[in-house]
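Written out below as structure tokens is the structure these notes cover.
Read from first to last, the chains carry the letters A, B, C and D; within each, the first residue is number 1.
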Amino acid sequence: MQLPDAIKEKPGRNYETIAWKWMRYSALLLIPLVWGHVLLQDILVGVHRIDLNYVALRWASLGWRIYDVLLLGFAFAHGVNGLRQVALDYIHNPRARRGVEWGLLIFWLLITGIGAAAIIGGVSALPE
Amino acid sequence: MAHLKTPLQGYLGYRGREGQTAFLLHRISGIGTALFLTIHILDTALVYFYPGLYEEAIGIYRTTLFGIAELFLVFLVIYHGINGLRIAGFDLFVPQRWNIPTARGSFRLTLILTLLLWLPAAAVMLYNLLHHNFGLFGG
Amino acid sequence: MRLTLKIFRYDPNTSAGPHYDRFQVEADPNDRVLDLLEAVRGDQDDTLSFRRSCAHGVCGSDAMRINGLNALACKVLVKDLNSDTIQIEPLLGLRVEKDLIVDMEPFFAHYRSILPYLINDEPLPEDGKERLQSEAERERFDDTTKCILCAACTTSCPSFWADGQTIGPAAIVNAHRFIFDSRDRGRLKRLKILAGQAGVWRCRTAFNCTEACPRDIHITRAIAEVKQEILKHS
Amino acid sequence: MDTLHTYDVLVIGGGGAGLMAALHAAPRARTAVISKLYPLRSHTGAAQGGIGAALGNVEEDRWEWHAYDTVKGSDYLGDQDAIDFMCKEAVQSVYDLEHFGLPFSRTPDGRIAQRPFGGHTNNETGKPVRRSCYAADRTGHMILQTLYQQCIKNEITFYDEFQVVDLLLVDGRAAGVVAVELASGELHTFRARAVIFATGGHGRMWEITSNAYSFTGDGPAVLLRRGLPVEDMEFFQFHPTGIYKLGILITEAVRGEGGILLNSKGERFMEKYAPKIKDLASRDVVSRAIYLETRAGNDINGQRYMLLDVRPETVNRYAALDGRTRPDGSPYVVSAEEILSKIPDIADFCRTYLGVDPVKQPIPIQPTAHYAMGGIPTSIRGEVLADETGRVVPGLYAAGECACVSVHGANRLGTNSLVDLIVFGKHAGLNAADFAASADLPPLPENPQAFAGHQLAALRGGSGKERAAQIGREMRALMFDEVGVFRTEQGLEKAVETLQDLRRRFTDIRVGDAGKAYNTALLNAWELGNLLDLALVTARAALARRESRGAHARDDYPARDDQNWLKHSLAWLDEAGQVHLKYKPVTITHYTPKERTY
């Protein structure tokens, strides 16, 4: 149903709307990525067979590095935004909220940076 | 955190139905996964920054306690995914189908699917755990 | 049958904190919980305070938590509860003023914030008669016109429990009533308000609102329809 | 918080009439609404069926027909100039509501939908006419919501949960009111140039009632205590179809959609009492028919109730027998879904309170106390009248159910309560604002809170020998038995005597709650005092009126007596508890009284 609108004031681009969409669309990508990762690492391979050699072997393939970069980027951003939404539920003081949002932004960039460095840098030294 | 009193009272004391359970599980699984993910990124990053420590970190994951926690983690990850799909599906594609029967039913379906996916995974993981940590099954 | 009512008590003018009082009442299975409260106040303890007016579920005065669930005391019958102890508490998330009476002002402030009135500055029909609206256009927002603003939904919403700034289901329902009214011209304004931090995105589809609504409004659905409308315009 | 407030116009009551008055006064006068409930809790919201107005959207109709039906419905006791005014104004008022945003149900061509309703006829054919404009079966809810929405839009000032307990008069002129703030228990004085009472009805004095707990006649009782009269109190409408035992209303619209009343023999007994429009006869006629059927032993299981059958097979059978057609001329045939879509709330009440699905089982019903035709005497302009000569109390207005213009006379026609509060609410608001614009601010009397404070103190300081709840129960049972659908000299004498005794016993109650915040026990006790006063006046006025007219049906005087009783009663209550009655003539313009048949 198309309604004429006298007031052309659109809700427009708005951070919460974008964040909401982000959670849904990133999830679409994340479900195959995360489940694939869990299936492979936790179930098929298992933590007892994972070691530096395994990681080195895995990251020898560019395909797996891209997979892991995507996983890192999407999963962590999805997770940090989720944490932000949860935190804002319980923290109401505007200054505290700003603090949390900045804190999480820095946290997100830092951890993502560390993770990205590792994936790009790879295993720096294999055991003898 | 005086602000937590009311929501906690509600989460624990309000007799919500499937939807409230779904929300609480989604939130718990989300927070849990996000926190684990942070640790997981950091420990994996050791391979580049402090490769010597990596094996020690992995060692912790191999303990029985972590093995059991891992079982739960996988459950939560599967649940979070399916429940997220459920919610997004209704919100984005069939909002007019959001009603009490579909909400209750779709949550039950979500739990069943989660269990169906988790049980075989749990069996394999439990096998690995028993095999490596307790020497069962010819370990 | 004999029942025990376990009722939340709080009086701001005495130093004692909140507590529960127990009352024994004689009840018929067809009695409303409101009838039992009236019996307690009339014959046992007239310091018990609660709101009520129409006593048949249309005025929205007596929303409260009955055995842990939001409902109108005049729409819950003893036989529906299936228990010989009935626990009665005030709505959660609004300040208790006395016993079962909560401060409704924050709730109504959220209601007012979504511009709950027809906005249309276009000239009226020249014959002075009604603006036309088809049956289908009228039907489009019928469900959300039923709201009586009893607050059962908003005070069952986990997002509202966590943050009283959340606009909450009732206000969104009333926004929906105008957003989808073909005669209204203010919907983009309302959508802008509802797209904000305290608006529809706070809905986590916990469904407590829909389950609690004494008017059987499809609240979560209405919220989802507003979400879609915002997405369409952003 | 400051406890002295000054406004140009004060509106007491936040229901349909009060909000309408506030909306029309506010543009020209500093206006505040004082309401003991949140306005959206008002009983206007419970009105179901519709609002009558001769829009003629689905078939030919004229406001003059509406006026005649109202006069006839009133059993010729309604003032015909007021009725003409109301029915003419109703048309524009309904359009106004639509322009305010009220979501009326619609006709296929997009106009406001209309349906038949008890007592509304095509004057030429005598058949039911579709005059009731509706929004499903929650028209009152929509009116209340829409008016409140407009009040928000227009930033009207509200004092919510303030119970007005006294009217201040200075030299016979309204000067303000005194109110209790429920949250704090504090008394507040409101000073004003004009005061409009719109406090609603007093149906809580009867045991079986469709009325809200809050319908305790506060406005009329406050004015009585200040020496002003009430009018036509003996006329109180019993709606024929209340849910058995609970009294919750089942709207006439159920019969408008084809529902049929049946007795224990399965007979459609209304054929006997109103051969022409049968189940859609005026309310007093149907209520009395149910009573007479009960007395003849035709009640269901000997339990004093009848059945209202709206199952599609029943509706269709009788519609075929009546030759009822749709507007396009096709035979009237309905499905269960169609019925449910027209009466969703009624279906919900039946399921919740009776466990009955109305399209599968008939609904057990009995007459229920419903509407006060009597109340504060007012002029067409909404001004409160001080005596039988029509002397106006300057600055004092009343509208809605608490007022008696009188447009309902001895019996109100269905839908006309909403018409009344819209039309007279609006005009009371406009006229009060006019008055305030030209009047100075009256001085406050010395110690303005004294009388109110004294009344409340008495409730707390009694001997405690009596319990308010018990007195309330006795009053309601007495009123239902002796001052109900049918009345006798003996019963009324007993009622007057017992009520005087109950009023004496009332002075011995003591409210146990000594607290300030939301002391509902104190205010409920005060409300019970109002009901006792009005009950006494009602019984006394009923005892005096030795005829049967409209809702006032005397077993011992079964006929209408225009010779002696074509007049309005005015009642004063003195401090000694004695009722003084005077009478004033009915305004008759062009409809001469004749026998009333349906």
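In the analysis below, contacts are C-beta pairs under 8 Å (C-beta built on N, C-alpha and C of every residue); 3 or more make two chains touch, one makes a residue touch a chain.
In this text the structure is predicted, and so the values were computed from the model without any measurement.
Engineer: Which of the two pairs, B-C or A-C, is linked by more C-beta contacts?
Structural biologist: Greater number of contacting C-beta pairs: B-C.
Engineer: Just to be sure I understand: the centre of a chain is the mean of its C-alpha atoms, right? Then which chain's centre is nearest the mean of all of them?
Structural biologist: C
Engineer: Give, as an integer number of Å, the spacing between the C-alpha centres of chain C and chain B.
Structural biologist: Chain B and chain C have C-alpha centres separated by 34 Å.
Engineer: Please tell me the distance, in whole Å, between the geometric centres of chain A and chain D computed from their C-alpha atoms.
Structural biologist: Taking the mean C-alpha position of each chain, the two centres sit 63 Å apart.
Engineer: Roughly how many whole angstrom separate the Cα centroids of chain B and chain D?
Structural biologist: 60
Engineer: Please compute the C-alpha centroid of chain A, do the same for chain C, then give the distance between them in whole Å.
Structural biologist: Taking the mean C-alpha position of each chain, the two centres sit 38 Å apart.
Engineer: Pull out every residue in chain A that's touching 2 or more other chains.
Structural biologist: Those would be 89-90, 92.
Engineer: What residues in chain B touch two or more of the other chains?
Structural biologist: Counting only residues that touch two or more other chains, chain B contributes 3, 7, 27, 91-92.
Engineer: By residue number and range, which residues of chain C touch two or more other chains?
Structural biologist: Within chain C, residues 137, 162-163, 184, 227 contact more than one other chain.
Engineer: Which positions of chain B touch chain A when the two form their complex?
Structural biologist: 1, 3-4, 7, 27, 30-31, 33-34, 37-38, 41-42, 44-49, 51-52, 54-55, 58, 61-62, 66-67, 70, 74, 77-78, 81, 84-85, 88, 91-92, 121, 124-125, 128, 132
Engineer: Under the touch definition given earlier, write down the residues of chain A that touch chain C in their complex.
Structural biologist: Residues of chain A touching chain C: 1, 3-14, 16-17, 19-21, 88-90, 92.
Engineer: Using the touch definition up top, name the residues of chain A that touch chain B in the complex.
Structural biologist: Residue positions touching the partner: 23-24, 27-28, 30-31, 34-35, 38-39, 42-44, 46-48, 50-52, 55-56, 72, 75-76, 79-80, 82-83, 86, 89-92, 111-112, 114-115, 117-118, 121-127.
Engineer: Using the touch definition from the top, list the residues of chain D that touch chain C in their complex.
Structural biologist: 37-38, 40-43, 45-46, 55, 92, 95, 98-101, 103-112, 135-136, 138, 141-142, 145, 149-150, 152-153, 183, 212-214, 246, 248, 345, 348-349, 352-353, 467-469, 472, 511-513, 515-521, 524
Engineer: Quick one: which bits of chain C touch chain A in the complex? Just the residue numbers, please.
Structural biologist: Its residues touching chain A are 119-122, 137, 140, 159, 162-165, 182, 184-189, 191-192, 194-197, 199, 201-202, 227, 230-231, 233-234.
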